Every structure is written in C-alpha cells, then in structure tokens.
Amino acid sequence: MKRKIVRYGMVGGSLNAFIGGVHRNAINFESCAVLSAGCFSTNPVLNKETGEAYRLDSDRVYSSYKEMAEKESQREDGIDFVSIVTPNNSHYEIAKEFILHGINIVCEKPLCFEVGQAEELKRLAEEKDVLFAVTYAYSGYPMVKFAKQLVDDGKIGEVINVSAEYPQEWLIDELSDVVSRTSKLSGWRTDPKVAGISNCVGDIGSHIENTVAYITGLKIKRVAARVDRFGHELDLNANMLVEYDNGSCGNYWCSQVAVGNMNGLRIRIYGTLGAIEWDQEKPEYLTFIPKGEAPQILARGNQYVYGRAAELKRIPCGHPEGYYEAFANLYKTYIGAVLKKINGEELTANDLDFPKALDGLNGVKFIHAVIKSGDNDAQWVNL
Amino acid sequence: MKRKIVRYGMVGGSLNAFIGGVHRNAINFESCAVLSAGCFSTNPVLNKETGEAYRLDSDRVYSSYKEMAEKESQREDGIDFVSIVTPNNSHYEIAKEFILHGINIVCEKPLCFEVGQAEELKRLAEEKDVLFAVTYAYSGYPMVKFAKQLVDDGKIGEVINVSAEYPQEWLIDELSDVVSRTSKLSGWRTDPKVAGISNCVGDIGSHIENTVAYITGLKIKRVAARVDRFGHELDLNANMLVEYDNGSCGNYWCSQVAVGNMNGLRIRIYGTLGAIEWDQEKPEYLTFIPKGEAPQILARGNQYVYGRAAELKRIPCGHPEGYYEAFANLYKTYIGAVLKKINGEELTANDLDFPKALDGLNGVKFIHAVIKSGDNDAQWVNL
Amino acid sequence: MKRKIVRYGMVGGSLNAFIGGVHRNAINFESCAVLSAGCFSTNPVLNKETGEAYRLDSDRVYSSYKEMAEKESQREDGIDFVSIVTPNNSHYEIAKEFILHGINIVCEKPLCFEVGQAEELKRLAEEKDVLFAVTYAYSGYPMVKFAKQLVDDGKIGEVINVSAEYPQEWLIDELSDVVSRTSKLSGWRTDPKVAGISNCVGDIGSHIENTVAYITGLKIKRVAARVDRFGHELDLNANMLVEYDNGSCGNYWCSQVAVGNMNGLRIRIYGTLGAIEWDQEKPEYLTFIPKGEAPQILARGNQYVYGRAAELKRIPCGHPEGYYEAFANLYKTYIGAVLKKINGEELTANDLDFPKALDGLNGVKFIHAVIKSGDNDAQWVNL
Amino acid sequence: MKRKIVRYGMVGGSLNAFIGGVHRNAINFESCAVLSAGCFSTNPVLNKETGEAYRLDSDRVYSSYKEMAEKESQREDGIDFVSIVTPNNSHYEIAKEFILHGINIVCEKPLCFEVGQAEELKRLAEEKDVLFAVTYAYSGYPMVKFAKQLVDDGKIGEVINVSAEYPQEWLIDELSDVVSRTSKLSGWRTDPKVAGISNCVGDIGSHIENTVAYITGLKIKRVAARVDRFGHELDLNANMLVEYDNGSCGNYWCSQVAVGNMNGLRIRIYGTLGAIEWDQEKPEYLTFIPKGEAPQILARGNQYVYGRAAELKRIPCGHPEGYYEAFANLYKTYIGAVLKKINGEELTANDLDFPKALDGLNGVKFIHAVIKSGDNDAQWVNL
C-alpha cells in the first residue's frame, strides 16, 4: 500500500529558535508530514522541552545527531527525512552523517564552509541516492517560479544584463555604536569559526546568486567585488560585477547597513525581447515588460499565470501569500518527492523543483569568489 | 494542572473546501490546537475521508452537527471550540446548537441572515458564557491593528471622512456572457435561499463595514446606497454614502465586476490631525500622514510598530506575512482566550481582540440597510 | 497671406498672480502667440507695472476691461483672443463683454455663478461665432487624452462604474484653528459673493465632473450628495453618488481637508471589457487593465500611445511633462483653432479638442446640483 | 540703472532640433531673457527660417559662430550669454571662441571630448571671468536640490554606499535587428568622430556621475567598469564599481538596451544616519529614510521643503513640474547670475547653483576612465 504520510526529524530548532519554527510551520501547511524525532538542542533541558511541546515519544528525542541518525535509520518507522537547522558551521558534519545513513536531507543555507565539503556532500548524496534540499526559500515564491517560466519560454529573449541586490538595514548601528556592537552582531554571525569567511555575502548575497541562477539558468563565470567590513572582522556590504557563462554581465549589491531596507532582495533581468522585475518584499507581483510595450504588473493566482507558479497556488489571487507560504512550497515539493521515492515512483523534473546540493555548492563557490576578489582589490575571480 | 492544548472540531470544511483549509492552516500556526472532531460534509463518504485525512478517531467524525454538539459536550475530552465553515444559510442553526451545549464558537461571516437571528445568537452566547468569534479575518493583519492603534492614540485626531472600498473583478463575465453565467455565480452565491438577500454587499461590502469599524471605533448611523444587480437576482456592485455616529461621513464602494481588482479592500481614514491608508493586497504596509508632514510608509515588524501589531509579529520585517497569517492571528488570539477561560484566568481586552458576535450582528444590520436603501432609490436607512 | 502669429490679451493676471502666470507660461510654450494687450489689475500701479514687465505698449494696458474690449476690437492689429483670469464672480460680465465685441475667449473655471449666465454665454458665443475655451486644464494631459482614446475605441467596453475623487489637504487647519482661519480661506474663496455658492465643489469637485465627462463622454443625470461645511459658510468636503445617462453609477469625493493629499484628482473608470485609472499627481502614467489580464502601466510618449495623446507629445517618454505642459496643450490646441479660424480654414473635431462653453455650463449645473442635494439631506437632484 | 533683461544668443537649435527647443522653452519660463541673435544651422535656409520664426533681426542671424561671437561682442546691445546646443564634437571650439570674446556661456553636455580640452575651457573661463554653465539639467529638479540639502544638513550622516543607474530601452533593436540599425543609431551617436569615445556612458552615464556628485559632494577616486558594445563601435551598456574620495563605494549602471526603461535615472544614497532615493521619472518625490524610522515620501512644494528647493518652487505641490521646469530652474539661476554680474553685484554660492565648467570637466574625466577600464577587463582606473 502506498505511503501517504512522511515522518521527519529535526536537528536544531529548539523552541523559540526562529528558523526552526519557520520550517515547522512551513511543513505544517501540508497535512502529510509528521514530526517524529529530533535533536533540537545541545542543552538537554531545552531539547527535552521541545520534544514534549511537539508531543514526540521521549525515546526519539536524541541527545546527539549521530545517535539520531543511527537509531532512526534502524527503525522500521524511522524518519523519512531530516531538516538541519543548526548554525552554519555544523551543517557539513551533520548532513554527512545522515547521508551516510541513507536519510533524505533538508539543510539550511549556506550549505557549508568549504567548496570541497560542498562537493563531497553533493557526491555522497548522489552515491547514497539521498534527496538533498537546501533551503534557498525565495525560489519557492510562485512569482519567482513564474519569472523562471517566462525566461524558459523565451519571453525575454537572451539575457543581456542583470541588476540584483539584497540590502538590509538591521546592522546599521554597527557603523557607529561601539558599545552596542555585541547586541546584534553577537554570537555566530561575527565569529568566522561559526559563520565562515563571510557574514553579509554568505547570509544574503548568496540569495542573490541563487535566485538569479534559478530564474535565468545562467552560471556565473567570474566575479569582481568590492567588499566592505567597516572595521569588523566580517563583511557588512559588497558591490559586485558578475560575468555569466553566456558572456553577459550583471551588477549585484548586498548590504546589512543600508537604511530603509528590510529584506530587499530585488532582481531585474534584461533580455533582448523583454525584461522582468521582482521584489521579495512584494512577492506576489512580477513586472513583465515585453520589448516596446507597457510594463505589465502580473500577480500571483490570476488565470494568466501558468506552470509551476499556478500549481503551487494556495489561495485565490489578491489574498497575499508570503514568506511562510514560499517556504511551504519548497517543502510541499520536497515532501512530494520523498513520498514518490518511498513509493518507488519516477521523479520528474517538476518533482525535483527545489534547491539541491548543487545549488548549495554553487552558493559556497560564490561566497568564496566574492570574498577573495574583495581581498584582491576587486580583481576578477573565477568560480 | 494548567491546560496547554485545546481540542477543536469543525462543521463543514471537507477536503478541498477552500475556506475550511484556510481555517485549519491558520490554526496549525499555533502548536497548541488539535483537530479532534468533525462533521465535515453531508456526503458520508467525503465526511469519512476528511476525518481519515486528519487522523481523527472514527467515532468523532459525525454525520450530523446536532449529534456532534451533543456527544462532544458530554465527553470529558470533548472539543473546546468548534469552527463553523458551512454556507451562510446554516450558520444560525449550527451556531445556536453549539452555544446551547456550551461549546465555544468560531463562525464564518456573515454571521446569519436576519438581524433577529444575530441578536439571538449574541444574547445566547452571553447567557451561556460562550466565546464567540466571527472570522472577519482582515482585522487580524498586524498593520490593521496598528491603524487602530494610531487612531486610538489620537494620532489622526477626530475622524472627519472615510473613503473605503472592496472591488473585485472575478464576476465580470456575468455582465456579458449569458452562457457562462452558471460557472462562477453558481450554487449558493446567487440563490437568495443560500446566500441571503445580498451577494456582493454580504460577501465583501461587509468587510468594509467591519474593518472601518475596527480601526475607527465609529458606529454607522445610516446609509444611502445605490445597488446594481445588472439583471441578476442579487447585487454585484454598490456605491454607498455612510454617516457615522460622530456626524462624519464616508463613501464606500464594493464590486465584483471591477476589472483589475483582486481583493481590493482599501481603507483611508482622514482625521483632523492626520490620515491613514491601508490596502489589503499590500497588507504589510500602512501609510500614515501626520498633518503638514510627508506620508510615512510604515511596515510590519519594524521597531516603531508597537502594541497588538507588535505582539502578533511572527517573522522579522521584510519577510512578508499574508492572508494565512492574518487568519492565524485571529485564531492565535481566540485560542489564547479559550485556554485562559478553560484555566479560569481573567480575560483582558487584548485577550478578546477578535471579531465577536456583536461584529457579526453589525454586519447583518449593515447588509440589510444597504440593500433596503438600494431598493428605495438610495434613501437614507438607519442601522 | 496666412497669419502665423496670434495676438492675445489678458484680463487679470497681474505680476505674481498665480494662475495668470501659469497661463502666460503655458502660452509661451508655443512661439506663435504674443501678449499684446491687458487689463491686469484694478490697481493702476500694478496694472502699469505688469504691462511694462511684459513689454506692452502703454496704450494697450487698459484700466477697464470694457475699454479694452472696445478698443481692441476696433484696432486692425487687435488681439485675437483674450484670457480671463480674474476671480470667479467677474467671469460672466467680462466674458460677455468680449463676446459681444467678437473677440475669442479663454476663461478660467468655474465659468460663472448661475446656470442661466452659463447658458447665455454659451448661446452668445455661438451667435457671435466666438471660439470659447474654459480652462479645465487637466484634460490637456496627454494620458487623459489617451484614456479618452481607449474609451472611444471600445477598449473598456461599456462603462458600469466610476470612482473619482479630488482631495486636498491645504485647508485642514480650518477645522481646528480659529485664529488662523483668515490665513488661507481669506478673500474670495470664503465669500459667497466672490466665490459663488460653493468653495470645494466649485473649485475642485468641478474638475472631477469635467475630467470624467471628457474621458467617458457620459452625461450626469442626477447627483445625491453629502456636503460638509464644518462650521464655515462654504463647503470644504463632499461625498457624492452620481448617476449617468447610461444608467451606470459613480462615487465622487472632493475635499480640502484630507490630510496627505495635494491635488489628488484620481479617476478610475470600470467597464465591461476593461478599466482605466489615472492620477493627476502622476500624470504621465495611465493604468489600463483589459478584462482577465494584468494591469498595464502606460506612459506618455511611448510608441503604443496614439491619437491626440501622441500628437501633443513635446519631449520623449521618461522626461516628465507636468501641469504647465497640460495647460500648454490646451492653449496649443486653442491657438491652433484661432489661427485656422483667422485664416478661414475648416475646423475639425481635433482642432476643437479643448473644453468649451458647454463644459463650463455643465460645470455650473453640477455645482448647483451638488450643493442643492447637500442642503436636502442627500436627496437626488437632477442636472 | 539696473539691467532687468538679458539678451541671449544660440548656436545650434534650428527649428525642430529637439534640445534647442527645450532650451528656448526653459528660458521662456523667465520673462527676463530675450533671444537676440543666433547661428542656428549650417544650412543657410534653415538658419534664416529659424531666425524669422523667433523674430530676430536678420543681421543677427549669423552664418558662422565665429562671426557671431565677434560681432555680438562688439555691439553695445550684444548678447549677454550664448547657449551652445550643437552636436558634441563642436562644443569645444565654439565655447572657446565665445569665451575669448568674453561672452558668458551655457553649453550642452558632455562639455567636450578630451580632458585637456575641458581643462582648457575651465581655465579660460576663469581667466576671462565668463559665467560658464553646463546643462546637466537633472540637478535643476527641486527634489534633487532637496536631496543635496538633506545630505548637506547631515540628515543621512556619512555616505557609505551609492547605488545609481540610468537605463533606457530605446536602442534595444540594435541588439537584434541588423536591418534597422541605421534608424536610431544613425548620425552622430555612433560615429566616434561626432560622439566621442562613448555613446551610452557619455550620453547618460555621465548624468549618473554628475547627479550623484551634486547631491553628495563626493569626488570619484577610481572606477572599474564592464562596458558592452554588442558588436557596435560604441558602448550600449556599462556596469561600474565606483570608489569615492571618502573611501566608500558605489555601483553604477547605464544602458540603452534595458527594456522597460525610459529615462530611468535612479539614485540611492546610503549613509550612517539615513538614506535618500530619487527617480527622475517621478521627479517630484524624494524618499527620505531616517535610520530606524519609516520611509517618508517627500514631495516638492510642501512646507517641509526648504532651501534652494523651496526657492525654485513655481506651482503649488501636487501640480507636477517636470523636465522643462528643471531645465528652466537651471536657466533661472544662471540668468539671475548673469544679471547680477552685469549689474556689478556680488555673486553668492546660491547664485552659482548651476553645473559649471568643473562639472563638465569631471564628466569628461569620468567617461574616459570608464571606457578605459572597460577596455582593460574592468581594472581600476583613477580619475
């Protein structure tokens, strides 16, 4: 008999951990996934409390992810996938452990620190036939999917220039206020051991890279970047020139010190036949401009929206969907794929329309190239 | 010991019924409510399938709401509240039944057909000490709550004019296309027996009434309305003059045949000291204009947002929340109130910040007054 | 030989008088009109200074408009048209005087106070074959003309609802600040003898009436209005229901006490096949939404703009034209018509695409009907 | 006695020449400047016709600019300034000729081809005490002036990043349509002999440079640029990294092949205390965001606008001013300075608030640096 329900586990994501809650809420949109095991915190009390809050059996609340991977892989009713929502520095080892136990994986981004690690994870996932998703969640927005659709369908012709950015304001006080420096940039974000070689590029610049790549299908050949640290150990701002494999160019900018911006991921793709513009803060809309015509303000859920963007519609147009729903779309697709895999069904390209280990790898390469260029007076660095 | 989890039931809301799914997803945002009983459909097969899909015990999937009300009220682990998401014509009798069994209620809007029915439900709910919510969900948007906050705090002074509207496009073909008339206006929406005396005013005009009332605290004294039916039995468009109890006036417009509009609930409140503007299709923003100053584009989640709007923040600013989250906010508040009631705690005004039976009653009065004025060449009709 | 240059005179419009300067600048956009005579002020010194500033012959700077009409009509090189930019209460008698001397007229709006006066001016202008323009300047915006074009070409089908407004903030202090009442509402605007029966409806409500009429070609059958005076002698705010000759309805709102609005003339026309939206504060754009499709943001000067809107293009798209240029478009058309008339050429409908005495008459009728309805508890008043 | 009227001449700007007409209309906004001489075209017939159209004395319509410079400088009633609106390649020699005859100059941009020429003109103008303006007209917009004001007043703190662009669509067909290549890129724009070393950067990229410099007061230290020619002789697109003298960085982008853009000069300045954003296509507005607060949409003409932006107000807020008025503001200031100079009055900084020879020189330097960097694989080039 066909399985209709998947069981999942979580590493990280104790009560009140922000991103863990987002993952759980996103998964909850589907009625077919049940949280069944977890290793939520290295703090035993918090770990236990979180398990109780989500009504887990106490023997499936593990004190180490290694034990969890091992035991769950041995249970007949073991988890079908694990969501890894720990700080960046532990992604690699945790993901590797679960892959080696044959458990499907959803991992937060950035995937890991080193290009070699990312390549290894990608290779192992393929060898072990593990479904591996990296939560670049913005590609879950229906209108991002429709942007990709329009590009795929040739509606903007060949891409000739990209203008993309992701500015935020939230670390602006780091520029002026020595005393409060610990308040927001505390913990793992400023500690290279935990955050890796980059703060701003790693956290948000990588979303520019991934979202543009998703929409256009272009690969970055090289980058030239000016990276600003403003006296901190890690970067807070970066301006980039980007060259793609088709020879065209783009300008990227990411910042955590740009007053007036919240999560301003904005992407504009210019082609020989048209252009598209999308803004994460108004994700329900996509501006499409055919050459020589007036801009059209496309909105999610309307009858003229087709393909994946239409498949993922939850509520009628005009009742806004947001970030949770984008995240839920990633999970809906991923869980669907896991179910098909469990049931021995063929997976189509649409079934696999979620960010994968390759996307994680490309993100790590991008971060390294940008930081390296920044450290070399903006010389071009190949990816 | 304190209860931390509530059990709820549902009348209506079988698989694929749109609004039922919205309710369940909204409730799922909180980890503390468990679907425990249901009477999802008059179709026994569908009823059973829905119960299975949500993993209910089969003896708590009822074939009639009367049986459900009776049996659940007798169980020790019976439901703490019921969500009524059936067509409009059954709200009254179902709600009454559960009230009489002392079960708390969440009911879709419009509450019922007749003013007398609404008054009765309101009175009974008070007598039976039942927490009664009506799902005017737009007041769940944080920036609607912040609009109310600004008005309450005197930031716009005394209200002198209101301009509000709720246009949609979706029934435009009813104007021209005889053949397809059955496609969208089919079923209960055009049948006065099921929909009541109004289609457009009842469905969306009532949201204007409720949202303006929520934000301003003003009561409508009388309305003068021009109602358009375009050859149909029920209304598709209405222009209204509205007079409030403070002597000020407003213009309302609702339409299901206004090309280019999805769910265009837009509210502008003008006062002696300032003005506020809000648009449901961009619900994360609230424009606030202090007299003599530049318009400010306030956005949910920022540090300058305070009060209830801040309490209900789920994710940081700039990652959009939408319709589901607004709905979830209504339920979060309501479930919190139910838990406090169960645990014998005092309920504050903030605990009760959800639309109640009185709001349901005001909605029914508004619909009747508008339709009556429309039938009398736009003469004023008192509420 | 064909005349290529017209001579014009001005009544009112002394140095620093706001609207007189707008008229002169608007005329200056065309190189073919020369200011040749004037009666700029009843203040002899100011009158003389204005004449000198514009380098007029001193014998053509008149102390009375009657003398000016008489003498100019007798000169061989007399003015071809006169622009009347005096306060409202003198329009009628001045216009009448020039008509009777056979001089073409451009008159500020509102045309005059009484419906009978407007009818008389219209009749006399026809009898005397005088080209009579009333400066409802907003119809001079190219995108207003393109809105009319789209309606004329059937692009939105039959009009079924209109939503239009003209809010301003500038008199907000009249609501609260007794001391400063004289500052802005001084002079003719609050004195019924100078301003007529209406302040707000006359000054800006009439622009709603005219612009909607221009775009749609609809005639208003009757109005029902709530008019607010807030303790002043004349109106500051009005909400209106409007019924057109095709049976459709609209809601109008004008206000001088709506915080956050500058000159917010906004017009939305909904039809059976599409809709158009235009905002005077962003006059270069016109939103056009075909039924079932995405909104299109049309912009002046693009290749998809055709007809009158294209003819009147001055600078390429994207270099904004504004209020002066709209005014200049009115004059360009009017002066072109005067030249053709002088040269004995046939005048086409396009040549006469400026607001005429009939528009002035309709404006006066509208103002009277709204005020009368306001004084009768919003009962319908026929135009 | 004080002079109140200035006389001006024009080189270039025959009838129907676009930019010449803009200049004349801009000058016409002031009543104090009279076109008195011209050398409008090398085509004698067109030259004569233009002189007649503007009612010049025939002896002041010159067949060569040299003759004009000589004769006008000798007349007692000779021109007070000359506007040079010829193609780019002749600016240098014409400007030099008039400077040497001591005649004040307004010159179109780019000022000239070579950095050495620009330096020479700047030096000569100083030596000859000639008022020299270069028509970077965008700095004439009141809200650009207010942006500068806010920066000058410390409202955004120290600049830390600039994001600025000027995309257009109009040459998009050059990418695909070999046949029509001559249509738009014809004449001087593609011929390096006439256009200089750059098409896109010279024509519009230079406006980014100038407007950012005007607002921020920052000087560019070096640029790294990727320049795209798409098979043409001159550039059509360029992405740039820019480093300023205060150590901060910016990203610039200009394009003539970006679908959906008209004249999209958009400038965003981020500082330690706030940010400002301005868009040439909506020039009446300026977004100002103080750190930690909501964005404010400032609009021209309101009471909160002060300084130069307020001085240059022509019409009340909400009646849009546009490109002509920006140009007119430049001329208003320049003509005011010429009058003061003629009358022997002291010139203040405000009197000289127009783009000068130094701005022209900086523009030429910028163009050369960008093109050079583009030719060297985006290596940094110092200005």
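Order of writing sets the labels: A, B, C and D. Residues in every chain begin at 1.
Here is the rule we go by: contacts are C-beta pairs under 8 Å (C-beta built on N, C-alpha and C of every residue); 3 or more make two chains touch, one makes a residue touch a chain.
Model, not experiment: these values are computed from the prediction.
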item: C-alpha-based rotation, subunit B on subunit C, 0 to 180 degrees, nearest 5; value: 180
item: Pair sharing more residue contacts (C-beta pairs) when A-C is set against A-D; value: A-D
item: Interchain centroid distance [CA atoms averaged], subunit A/subunit D, Å; value: 44
item: Centre-of-Cα separation between subunit C and subunit A, whole angstrom; value: 56
item: Multi-chain contact sites of subunit B, meaning residues that touch two or more partners; value: 292, 295, 299, 302
item: List of subunit C residues in touch with subunit B within their complex; value: 156-157, 160-161, 163, 165, 167, 169, 172, 175-176, 224, 226, 228, 230, 237, 239-241, 243, 248-251, 253, 255, 257-260, 270-275, 277, 287, 289-292, 295, 377-378, 380
item: Residues on subunit C engaged by subunit D in the complex (per definition of touch); value: 18, 22, 24-25, 28-29, 31, 53-54, 168, 170, 261-264, 280-284, 299, 301-302, 314-325
item: Touching residues on subunit A, where the partner in the complex is subunit C; value: 288, 292-299, 302-304
